[in-house]
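Note that subunit A is present in both complexes that follow, paired respectively with subunit B and with subunit C.
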Partner chain A sequence: MSNKHLFLKAGLINTPLQNGVGRYVCQLQRVVLKFCKNNGSSRGMRDFIESELVNYAKENPGVVVYLKPRRHRTAVIKAEYLNGDAQWISCRNFTQEEISKWMNLLKTQSNNNTGTRLKKLWHTDHPSIQGPWTPYTFRDPKLNLVEFPNTEWSQPADMTNTSQDDLVELFKKQKIEELNKNRAK
Partner chain B sequence: MGQLNEKIKVFYEKTKKGHNLEMACLVRQIFSKLIQTRQLTNPKLLSSALVPQSLVSASHKLYSNAPTPYEIVDPDSQKKIQKDIIDKVNSQIENKQEGRLFAVVHVAGKQFKITDGDVIVIEGYWPPTAGDRITLDKVLLAGGVDFTLIGQPVVQKGLVRVEATVIEKTLSHTKTHFKKKRRKQYMRINFYRIPQTFLRINSIQIVGEVNNPPEVRGLETAIF
Partner chain C sequence: MSALKRVQQWATFARIWHVYDAAWQNPFESAQVLKKYLKGMHKPIYHPMNDCGDHVIVLNSAEIALPGDEWKKRVYFHHTGYPGGASWTLAWELHNKDPTMVLRKAVYNSMKGNLQRRYTMERLHIFPDANVPKELMGNVSNQIRQVRPIPKRLDHYPEEDVTQFPKVIDYPKDYVVK
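Then we have the complex of A and B:
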C-alpha cells in the first residue's frame, strides 16, 4: 500500500495575485508538446496536433504553444505557469481525447499543485463579521453586576424540580386553597 | 368616617358594659380592621412604612401566567418592535451603511460561509469553467454587522445577490483507496483525484427591501 498521500505537503488555498477579484487572468503561459513523428506511443498526440491544436491556440491567445518533435521518445506535455511552476505530463499511448482533456486541465489550472494536499476548502481574510462567539454573547447583561459566589447563577440552567420541591409546592397550594375557603366563609 | 367611628366606639363601650363578651370580641375585630384600612387609605402612612405589607397578594401569581388585571398588555407591541427593527435594516441598506455582508450559500451539496473576496473550493464534477462569472442563488443566510436575514430554508429569491468568479479548475492530490480482507488473499488498491473548482466571491449585496416580498412568488425561474 502506498502511504505517499499521508506524507504530502499540506497547504492552504493560495491564489496568485488576487486572481478573479477584478477579472480572471489565465495563469498558463507556455505549453510544449513533445512527440515522435513515427512512434506509435505518440499517435494520439499527433492526432491532437493535426485536428485540435490550431483551435486550442486560437481560443487561448495568452498561451504560447510550442511543438517539439524528437525521434523515438515518449510523448510529453510540459506546461509553464505565470508563477514559475512547471508541470510535466507523460502522454505515452494517450488517445487524442485524453490529450485534449489534459490540455484543458492545464489551461484552467494556476500552478502545479500535484503533491500538495489542501487543508481547507475555504479561504477568507475576514473570518468574522459579527464578532467571534464568546461565552458572554447572547447572555443577560445582568450577569455583569452579579457577585460570585452566587447560588442562582451557579446552578445549571435547565434544573428541573425535584420531587421534594413538587411536594412542597403541592402543600403550599393546598394551604392557600384552605385559606381561600376560610376567607369565603 | 369619623362619625361612624364614634358610633362604633359608643357601641363598643355599651357592649363592654353589658358584659356581652362574644359580641365585644367581634366588635373589636371589626374595629381593628377598620383602623387598618384607614391606615392603608391614609396617604401619609402609605408613603412611609406600611407599603410592603403586600397590598396585592402575590400568592396566586405563583401558579398562573394569566396577566393580573392591573397589567396593561398591548397586543401590537411585538409587531411594533418587529417593524422598528425591519425599518432600521431597510434604512441601513438604503443609505449603504450596512458594511461588510456575509452569507451562507449552498453550492454543490456543501454549505459555505462567505464574504467579499473569499475563495471556496467545490469538489466533484461541476460544469462552470475558469473565467465564468456566476451568481450563487441558494442563499441560506445573509447578514451584516447589525442584522441577520435567516432563510426558511432559503432567503427570498433575488433579495441577496452573491456574485462569484471561477478562477481555477484542478484536480486534488492523489488519494489512495486501499481494500484488504484478512486471510482471504484479497487486496485492491486504487488511486484517484477529485476535480476541484476554485470560486472567488466578488460581491454580496442586498437588492431591494427586506420583508417586502413580491405578491406573486415562485415564478422567477418558470418559463412560459
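Then we have the complex of A and C:
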C-alpha cells in the first residue's frame, strides 16, 4: 500500500470568493512552457507554440505566458495559480492537441486539483438545516418527569404476557361470563 | 467560532449519564449493551476518533445472574509476576470478594484492547447495591433497558393473588402436600 496521500495537501471542493457568481476571475496566474528546439519529444509543444499560443495569450489577457527553450530536455508545462499552487506537467511526446487540452484545463481550474486530496467528495456551506444532533434531540419527552432508577423504564422493551398472566385473564373472563349467565336466568 | 457555535458544540458532545439495573442480568450479555453506551456507539455522531462516550451507573451488581454452572466453572486468572505467582479464582469466589468485579471484567473483556479501553472503563461506575451517592444519581437522565425480564418469586406476589390463583388441576387423592 502506498502512503502517497500523506504528502498530498488535503482540501475540500470549493470556489474561491464565489468565483463565477456575478463576475469570473481566471485563477491561472502564470504558465511557463519549457521545451527543446530540436528534440523530437518536444515536437507537439513546438507545434502548439507555432500555431495556437498567440491566440491563447490573446484570449486570456490575465494569464502571463512564458516560453523557456532549453536544450535536450523534455517538454514541460508549469502552471501557477492565484492561491499559490504550482502544477508541473511533463509533456514528453505529447501531440499538439493533447497540449492544447492541458492548457485549456489549466486555464479553467481554480487550483492544482491533482495535487490535492479531497477529504470528502462533497462540500456544503450549510451542512444541516435542522441543526446538529444533540443528546436531547429525538428523546422521549416522557423521560423528563421520570425519577431514576425507575423499574418501568428498566424492563426490556419487548415484554410479552407470560402464560401465567394469560391463565389469570382467562379465569377472569370465565367468571364474568358465568355472572352474566346467572343474571340472564 | 461564534458564541452560538461554541454552545452548539458543547451540546452535541455533552456526556450523558445512564443508569442500568444489573439485578438478575447476565453480565456478559449486559456488557455488550453497556459498552455501546460507554463508547458512544449509540450516537449518530459516533466515530472511533471522537471522544463521545457516556457515563453508565450500574446498580445491584451483587445480584447478577450467571448462566448455567458458570459460577462454578468460570475461572479468573491472575499472575503476580513472581515465580509461582499464578492464581486461579472461581467466579463465585471473586464475587464474594468483590461483587462488582465479575461485571467490570465482563465489560472490560468485551472491548478491544486498545489505548482507549482504560479511559472508557473510567466512565463505568458499578455499585453492588442500590446505594448510589446522590451527586452521581443527580446526573442521570436516562435508563438503559435490561437485557431480560427479572423473574418474580412466589413469595414476592401479594397473598391475595396467590390464594385467588385459578385451580388448574385436582391433586390425586393419595398426593401428600408438603
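Remarks
In this section, the second predicted complex is superposed on the first by the 110 of 185 C-alpha atoms of A that agree within 3 Å, B and C clash if a C-alpha of one lies under 4 Å from a C-alpha of the other, contacts with A are read in each partner's own complex, and residues count from 1 in each chain.
Throughout what follows, a residue touches a chain if its C-beta (ideal position, glycine included) is under 8 Å from a C-beta of that chain, and two chains touch if they have at least 3 such contacts.
Not measured: the values here are computed from a predicted model.
In the superposition on chain A, A:Thr114 makes contact with subunit B only, not with subunit C. Once the two complexes are laid over each other on the shared chain, residue contacts for A:Tyr24 go to subunit B alone; subunit C is not touched. Looking at the superposed arrangement, the partner reaching more residues of subunit A, out of subunit B and subunit C, is B.
By the document's definition of touching, of the two partners only subunit B reaches A:Ile176; subunit C does not. Legend: residue contacts after superposition of the two complexes on their common chain; A:His123 is shown touching subunit B, with no touch to subunit C. By the touch criterion defined above, A:Tyr66 reaches neither subunit B nor subunit C. When the two complexes are laid over each other on chain A, subunit A has no residue in contact with both subunit B and subunit C.
Within the complex, the subunit A residues that touch subunit B are 1-5, 8, 13, 15, 19-21, 24, 26-27, 105, 107-110, 113-118, 121-126, 129-130, 172-173, 176. By the touch criterion given at the top, residues 8, 11-12, 14, 16, 19-21, 43-45, 59, 130, 137, 140-149, 165-166, 168 of subunit C touch subunit A in their complex. Taken together, the subunit A residues at the contact with subunit C in this complex read 131-136, 143, 146, 148-151, 153-157, 159, 167-168, 170-171. Here subunit B touches subunit A in the complex through residues 59-60, 62-63, 99-102, 110, 112-123, 129-131, 143-145, 148, 165-176, 178, 180, 189, 191, 196, 198, 200, 202, going by the rule given at the top.
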